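Remarks on the structure that follows.
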Amino acid sequence: MREGENPPLGRAIKVESLSAWFGELQALKGVSLYIEANQVTAIIGPSGCGKSTFVRCLNRMHEEVPGARVEGRVFLDGLDIYDPEVDPMEVRRVIGMVFQRPNPFPNMSIFDNVAAGLRLGGVRNRRVLEEEVEKALRMAGLWDEVKDRLHERGSLLSGGQQQRLCIARALAVKPEVLLLDEPASALDPASTLKIEDLVREMKKDLTVVIVTHNMQQAARVSDYTAFLLDGELVEYAPTKELFTRPKERRTEDYITGRFG
Amino acid sequence: MFMVAASLAAVVALAPLLWVLVVLVMKGAPSLDLDFFTKLPKPLGVEGGGMANAVVGSLMVVGLGSAIALPLGVLGGVYTREYAGVWGARAVRLVSDVLAGVPSIVLGVFVWAVVVVAMRRFSALAGGLALALVMLPTVQRSTDEVLALVPQEVREGALALGIPKWKAVLWVVVPSAAGGILSGALLAVARAAGETAPLLLTALGNRFWNLRPDRPVATLPVMIFNYAISPYEDWHRQAWAAALVLVAGVLLLTLGARWVLRRKYGGS
Amino acid sequence: MDSGTTRKSFHEELASLEASLLGSGELVQRSLELAVEALKTREPVLAQVIAIDDEVDRRYQAIEEGILGLLARQSPVAGDLRLVAAMLHVNLHLERIGDLSVNIAKFVEMTREYVPSPEILQCLQDMGARAREMVGQALKAFAERDLSLAMQLPSLDEPIDELNRRVFDLVIGAARDPSLLDWASRIVLVSRFLERVGDQAVDIGEQVGFLVTGEVRQFEVERGMPDTGGRGALLGGTPQ
């Protein structure tokens, strides 16, 4: 980064003793880690290990489930997002999320989908909306494919395109962090690779956290990898390290396929 | 073998409907003329006239009923599906189901006791209220069920953008169910348009023009009732014509509901 | 697809490749033994040694292909990945040792009519015994993932290097006796071959180091520390 350039927009997240419950069931047990700014961090682990729950605690979506509870602190650039003074909505604007199954808003055009976050956030100016929508679609690698049919319904796109549409929608509100919860698991291999390329590109502008059950994907796409098991953090290391020389027996057993 | 039985059953089920339509058209069409829609009923014993006031009156009471029941019903459905806790939702749904089960004549009596007696007169407003009570549970329930079909991911996707819940519900969830909500509303209206019993005790009837909501008003179903039980041949003819018009109106509303549904959901 | 079962067959495949590799190790030790014995007994072992080497070469190809197939199909990671990479190297080292045995046997064949020097012969026997011992220990360290065993190898290599120098000195000494000179000057190569076998064994030991620690380091004997008994240490790394 040269002198005088603006520092990259992403921010680091410090997670301190994060615990989460669904009613009586504890899904996360005191997880602590530091997510580096402008890097891709992958969260891996067997089904039910708490990786989705973890990520949903980062943008305060977990608490939307009836009976759900969170304890612990999550600092975004020094500010605890669970501080009682903090509005969960603001957190979600700054920490965006893309879900496992593509979920474009039904009955809305491609343009309206991408613009939704902006419009509902109060932006009215047509020109501004058009600019931001184009930027977001370009970032998501979808612009060229849809620029001539922005007013067609989002649900008419293919699965891979729909997911990129959802990514564009999330990017349009300019978050600092983007959380992706198994974004490619419902997609075909070619779309999956496109999404992976996208993730690598995105880290220039934001911090990316990606949950995946596909270890090869985690190995391909991320700079850091965290391995969760039964709600606990077992190991967290630079990806190359974790996949060539894991320190924990459980990590080694999981990634070599001896269980899970 | 099963296919034959099923097809036979379908024919048996549809036959009465077709029969009714055929009879209506045969009996009603000849009596249907412009007068029907433009003239007032003639005094007892005099030939001719029409039911212009009843057509307008029906529109009035159905309109009033819709104006009350549709917003309340849709909001009620939104409440039970999007906002209520388990117990709140159960309570509202229970009340709705009970209300749906109350015979419409009883609803008419209720409105009579509460509104007509208080106002000391029959009125279009009372009629509208009675119809609203008929429509309300239907609209609430259909809105509730259509909203249930909206995948949870849509709500999560909206919330994840950092917008408040009410905006997510109003601008994302409800619009995505718009087709279903609209068609549910149209069906409720169609049903209300044909209700007779509640109107007997509330709107009563009127042989003259009336556009005032606080006065009794003529409606097609009630006119059909009155004319049909009369001894006059002429009135019988007009009753058939009115029946045809009523059924045609309901049919249009029902078809309209299906068309809306197809456009919104079957478009691809 | 049950990842448990797929991985089971992967681990079975991996285990069978390793067994094949260790089998090659046995064969290579045998051929070395035959060749070194023949130095003294002058028996015609060349055909046998070549036959063993052909088998080693065949296995070398098979193991190489098996490893490539595993890499392509299974994307091994962590310990499995290191094992696969180490096997690839050890495979090559064993194949080299096999070739060296053949070379030694060829020389025995070629120098049968010559007059040997008992002294030089004794050195060579010594070297041969130590070289065989080193190969055996290196393969044992590999099979048991025993790092300390592997780290002793450089110190076992020292005597071989010394003997190699001694042979060289003796050969120069033999220049005075023309009847010996022919044989001696040719047999120098055998000494060289045996020294290289020792080096290959140390290389195998380094692969054990990589396999166990994940670090790619060269072994070297610690100098100036007589009380450690000349134990090998990882260059620049902390003693394990």
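Note that the chains are named A, B and C in the order they appear, and that numbering of residues resets to 1 at the start of each chain.
As a working rule, a contact is a pair of C-beta atoms (placed from the backbone, for glycine too) under 8 Å apart; a residue touches a chain by one contact, two chains touch by 3 or more.
This is a predicted model, so every value here is computed, not measured.
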Any chain that touches subunit B and subunit A: none
By mean Cα position, the chain sitting nearest the middle: A
Chain centre separation in whole Å, for subunit B relative to subunit A (CA means): 48
Separation of mean Cα positions, subunit C and subunit B [Å, integer]: 94
Distance between chain centroids, defined by C-alpha means - subunit A, subunit C (Å): 52
Residue ranges of subunit A touching subunit B (in the complex, touch as defined): 59, 61, 64, 66, 89-94, 96-97, 99, 101, 103, 105-108, 116-117, 120-121, 153, 155-156, 166, 169-170, 173
Touching residues on subunit A, where the partner in the complex is subunit C: 215-216, 219, 242-246, 251-252, 255-260
Subunit B residues within the subunit A interface of the complex: 85-86, 150-151, 153-154, 156-164, 167-168, 171-172, 175-176, 178-179, 264, 267-268
Subunit C residues within the subunit A interface of the complex: 3-4, 6-7, 10-11, 75-82, 213-214
